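By letter and in written order, the chains are A, B, C and D; residue numbering begins at 1 in each of them.
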Amino acid sequence: MDIGSHVITLMAALILVVQLLMTAQRQLPTSIRLFAIQSLLLAAIAAVVAYYHNASHVYIVAGLTLAGKVFFLPWLLNRLVQRIQIHQEIEPLFNAPTSMLICGGLTLLGYVVARPFTSLERLGNNTLPVALTLLLTGFFLMINCRKALTQVLALLTVENGVMLAAVAVASYGMPLVVELGIFFDVLVAVMVLGILVYRIRETFASMDTSKLNQLKG
Amino acid sequence: MNLPALVLQLLLLLLLAPLVSGVIKNWKAKLQNRRGPRPWQVYFDLAKFLRKDMVISEHTSWVFGFAPYVVFLSALLTGLMVPMVHLPAPLSLFGGVLAVVGLLALGRFFLALGGLDPASAFGGMGSSREMTLSAIAEPALMLAIFTVAITAKSTDLSQMALSTQSATWKLLNPAHVLAFAAMFVVLLAETGRIPVDNPATHLELTMIHEAMLLEYSGRHLAFMEWGASVKQLVLMTLLLNVFFPIGLAGPGAGAAALGISLLAYLAKLLALSAAVVVVETTNAKLRLFRVPDLLSAAFVLATLALLSTFLFH
Amino acid sequence: MNMNDFSATLLTCALGAYVAGIVGALLFQRAEKLANGVGFGLAAAGGVCGIFACASSLATGAATASQSFALFPSLIPYVRFGLRADALGCFFGMVVSLLGVALSIYSLGYVRGYYGHKNAGVLGAFFNLLLLATTLVFLADNAFFFLIAWELMALSAYCLVSFEHEHAETRNAGVLFFIMSHLGTGCLILGFLLLFQASGSYGFEGFHALGDKMPAARRNVVFLLFLIGFGVKAGMVPLHIWLPAAHPVAPSNVSALMSGVLIKTGIYGLARVCFDFLGTPPNWWGVTVLTLGTISAVLGVLYALMEHDLKRLLAYHSIENIGIILMGLGAALMFLHSGHPVLASLALIAGLYHTLNHAVFKALLFLGAGAVLHATHTRNMEDLGGLAKRMRWTTLCFLVGAVAISALPPLNGFVSEWLTYQSLLQGFGTTTSLIRLMFPLSGAMLALTGALAAACFVKAFGVTFLGQPRGDHARQAREVPFPMLLGQGILVAACVFLGLFPTVFLKLFDPLTRQLTGQQLSQQLTMADGLVLSGGPAQGGTVSTPGIALMLLCLLPVPLTLWALFARRAGTRIGPTWDCGQRGLTPQMQYTATGFSKPLRMIFKALFRPRREVQREYDFSPYFTTTLRFESHVEEVFQTRIYRPLRWLVLRASRRLRALQAGSLQAYLIYIFVTLLALLLFAL
Amino acid sequence: MFVHDTLLNRLKRGCATMAYPAGPAPALPERHGGALRVEAAKCQADCAACVAVCPTEAVTRPPDRRVALDLGRCLFCAECVKACPTGAITQTGDHRLAVRRREDLVLGEAGNEQLRLAGVLDEKLRRLFRRSLKLRQVSAGGCNACEADTNVLGTIGWDLGRFGIQFVASPRHADGLLITGPVSKNMELALQKTYAAVPEPRIVIAVGACAIAGGPFVGHPQVHNGAGVLLPVDLFIPGCPPHPLTILDGLIRLLGRLEESGRKTG
């Protein structure tokens, strides 16, 4: 039982590392690839939890994450990147060092806030703080970069954080219907955002969302 | 409620009402140093109106012919609810003072409609002014009634008279005196006496009560006039027997007690008529928009009466 | 099958009839006659079932023992679509069903006016939806279900109000109604949330006597929220501005339903919250409700007097009568506080009996106004007149309604005001503090209201029906089709029956007062086996409306014998009205509605601030005017003094807030992120 | 205090109404000659002195017949009395002038040197109006002198109200019309409508020379020469203007109240 928890803690830490990497670098394709790795780790955690709690429906969740977030979504985003031919995130709000610092602060906040709840976890300790940090840093990532596509990616990492919390803490408690609900919700959101990104590209010849303020009356 | 008492009071009501307004007219003339019509002149007028034909306007609907009967019957019914000679009034079970005020309002409602029906400007003016002034007079009347009803813990007129009769000091009680003053002003307003409206005027523009009757003739006019005089008698009796129930015969009174009670009642009635006559001859008619000030003064009097119910004892 | 199931099944089939009415009306939209018949026929059927269901459960006392039965299963936790036909709900259910029957029959005739240019099916559908929603509001047993039904009612009422949406006036009135009712609903939601917080569940039986368990401050907040929420719907004075705007523009059968029943949902809510939920009230609640009631009554009738639009006049009278009902409820609350349950139930009966009476005679008056509108296509009294000879039956029905609303014996308005007077009078002795002065003073204001109402309805009836027709629309008016007269006839019968036999209805109030104040007064208030109504304490004063009516007939022989004795040979001649010998009276010489209320406008100048403009055009000399334009109107004090400054403030604040909407996505994300962080920090 | 002084003053003055008709009639002013008396016998053969002098041709002397004085048209200016050489026309100082029929006003024939005074109303009307007569006054043109004198009857001295006679505002309440003035063309419609508005049974009283025969305006194109042309008149009270005593005498004589009180004084 403790092997499982060790494995899960390790993978949660790895997810956190991947998240920090995403905040630091500028390249779009690498971001997508990092997102795919993160989703893969998440699917693995789900599989381990399912194995140790022999909760069959969690396997489905792991499978779906694998199929959806590791293969389908990165493929979709990559196709989009090829179509738009923009690979650089030119000037984010905060440069790399400050954003790294902010992510550190957010991680600290995540741990402080999640501390009273860590007793809930059965497998792997403090996966919940990681999930919370994932959520906060994803949010910060969204604010940080202007490009619509990276904002979509940031939204997906936030969703990964939520999924991690769900799987790690209440995997056997969370009814399947809610999981499915969240999953499909994300799927649709991404598709819509994809179209939106494409439209922004069409109208403003750039993915920079700050152009949107020209729409003001 | 026994039938003989009812019939007797009905007859007394019908016969006494014109006499009272006749006496008031006669005394007013005496105070104006002229001989004036005899007190029973009103009977002659009523008898003549009954015999005469009627000319009805072409624009009127059935409401015009219906109104005189409502005015006359509602006045008579209120008369039967008010104790005149014998203490529990014949119909006291059917309604207390609130029913009396309600029935008088019913009579006024149809009188005003009768004024509006023939499509003449005078009728409309009379109805408008009558309804306005009676609306302003209503709170003062109700507050004065409330004052007495509160001390008597009942809205039944016989009960009020009994409670005032039982404690003689009640007559001088400031609450009763103030309430009586307020009710006296409302009496002048309701019966269209001088400070508010001049009953003997010929100038249509100054009339209030008379303007609504301009289109009535023959027996309709007789019922309207008779109803108005019965209403005046009812209001005066209400004033007298609630505030000064001296000599009012109790429930099981014999013939002698009833006789004394009748005499006492007539004496009080003449005294009140004298008061009305004095007010009428020594005052001039107020301008229409000064009358609300008079009536709000009455309202203030009634409020003071209410306050003094529990300030002084 | 015991009584409870009988009324439950009847209730469900009533609701079923309404639903069928909606579907039927929409299905047969194309065939107007069919849609009208099906829609309103089913509404009438639903009404009849509703009356029997509620009356039977009230009469047999099944109402108090009734459990709630779920209408259909609910998926969401805390929400349960349960109906409970308890005494208060049944009483109001009976009111809405009674009106539903009369108004549906009336609508069968009234809607014919809409054939050709408006869709009668849609009107029928929304009419049924409004009836359904209102019945559900009265019988709902769960806060959520109540709010859903409340919202459904508001929406269907909005659609019905703006049915004739081609006029701008209607659209504005509809939007105003919409905004105001949602302000109220907002307060209700907050109130129910606070109640949920105290009781843990949304079921009404959980809320019972919850006030005693809640801390005083929170209880007062809940009371204020519900007072504002239900006050808006009831049309209490400061929150009344939507009522005189919405009722005149709605079709007449709808404004009758709204004025008869919709504003009563506010009263039902107040009664449910103050008497059922919040336990023994502090004194200031009763004082507030009594004061607001008195102010509503007096201002309502004063503004009604200034109107010359027939339906706006009736709308203002709704505010007046709501004021009178609130006076009854306020007095009842004060008696509950001072520990006099008998007096409290007397005041409650007075308030609720006036609710029933007002529903009946106000609907009757609106139907009368609708009939006048149907025949003359105008609501402006200045163009009407002389309808008494052209629309004989409508005139009679309107007169009965006018006598009833002016609280004149022997009809029902007088009975409920008599009960209110009795409760106010006996209230004087309940406390020794200065507060008891409020009772006689509000009694005096009630008397002022009654007399002004009588003046207003002499004006309304006299100017509209009597005299000469002022416009040619009025000259060509003809009597309305039979169903409309039948609808009015039912309500006239109800008015007379409610007026002459009040003691029969007092038995229906027993389960209600037993549930709310634990008293049962019908024996105490009935004397002489049902003919005489007593005010409670012995020798406290009695009234007998059947007695008054009977004596009025018994005294009829007096004038008849005088006629036979003196006037046997007297004839009658029809001649022109006396016009001082001029060339003849033209309709313009009659007293107009504005003229009639002129003395009162002068007396209450301070309140009305009347303004009049006279524009005079002339060619060569000012003494020979060619055209003269006279305009006089009364300032809407509440609009100009309270709502317009409020609106200006809201607009200025929102203009400043607009800067927040910079349009940049990142700015929005930062706002969300910052609030998230703040909440997390706050949660530590 | 105002009320106190008024009451005391009023009570001190006592009743200021005259005793008439129970007591003696108040004296007429000396200028008022009273009724005229015509003794046609004293007339000289072809003397027409009075005819020329009369402003309203009230005196006529057709060639073959005796002199005729129509009191209805007479303004009581007494010019004819002064002009008559033989004193055929004399003033009797009698205030009683009211008559029921228009022809009674013509003096001069053998039997009627003086006026035959008005008899009482027929029995049905008398019993109806004896104690309560409400009149509606109509001024149909004229100089308002007759209205003034009728108005004087309402003062405390004459006090018409004590006989149950009263002037009312609306013709619907009235039992009869009291017409003054020569009924000008302008007032014809008003007079007709007022008469139509009075319910049956009704009477008409014409007061003053104008109302009887047009008075000084007789023959004018804008005038109908008196009320008799349009309405059935029940009582004529000649004079220009008739003295209040004459009007009062006419009214109570019409109602039969005079013999009653007359009987009292024997």
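Everything that follows uses one rule, which is that a residue touches a chain if its C-beta (ideal position, glycine included) is under 8 Å from a C-beta of that chain, and two chains touch if they have at least 3 such contacts.
What you see is a predicted model, and the numbers here were worked out from it, not measured in a lab.
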{"item": "Chain at maximum distance from chain C, centres defined as averaged CA atoms", "value": "D"}
{"item": "For chain A paired with chain C, centre-to-centre distance based on mean C-alpha positions, whole Å", "value": "58"}
{"item": "Whole-Å separation of chain centres (CA-atom averages), chain B against chain C", "value": "35"}
{"item": "Rounded Å distance, chain B centre to chain D centre (Cα mean)", "value": "42"}
{"item": "Interchain centroid distance [CA atoms averaged], chain A/chain D, Å", "value": "121"}
{"item": "Touching two or more other chains - residue numbers and ranges from chain B", "value": "47, 51-55, 214-215, 218"}
{"item": "Multi-chain contact residues (two or more partners), chain C", "value": "571, 573, 575-576, 578-579"}
{"item": "Multi-partner residues of chain D (each touching 2 or more other chains)", "value": "170, 172, 197, 199-200"}
{"item": "Touch relationships between chains, expressed as pairs", "value": "A-C, B-C, B-D, C-D"}
{"item": "Chain D-touching residues of chain C, taken from the complex the two chains share", "value": "571, 573, 575-576, 578-583"}
{"item": "Chain B residues touching chain C - in the complex, by the definition given at the top", "value": "10, 14, 47, 50-63, 69, 72-74, 76-77, 80, 91, 93-99, 101-103, 105-106, 108-109, 112-113, 116-121, 123-125, 127-129, 131-132, 134-143, 146-147, 149-150, 153-156, 159, 214-215, 218-219, 222-223, 288-289, 292, 299, 302-303, 306-307"}
{"item": "Contact footprint of chain B on chain D as seen in their complex", "value": "2-3, 6-7, 10, 13-17, 128-129, 131-132, 134, 155-157, 159, 161-162, 164, 166-170, 172-173, 175, 197-201"}
{"item": "Partner chain A, residues of chain C touching it in the complex", "value": "661-666, 669-670, 672-673, 676-677, 680-681, 683-684"}
{"item": "Touch list for chain C against partner chain B, complex", "value": "385-386, 388-389, 395, 399, 403, 406-409, 414, 418, 421-422, 425-426, 428-429, 437, 440-441, 443-448, 450-452, 454-455, 457-459, 461-463, 465-468, 528, 532, 535, 537, 539-544, 547-548, 551-552, 555-556, 558-559, 562-563, 565-567, 569-579, 585, 587, 589-591, 595-600, 602-603"}
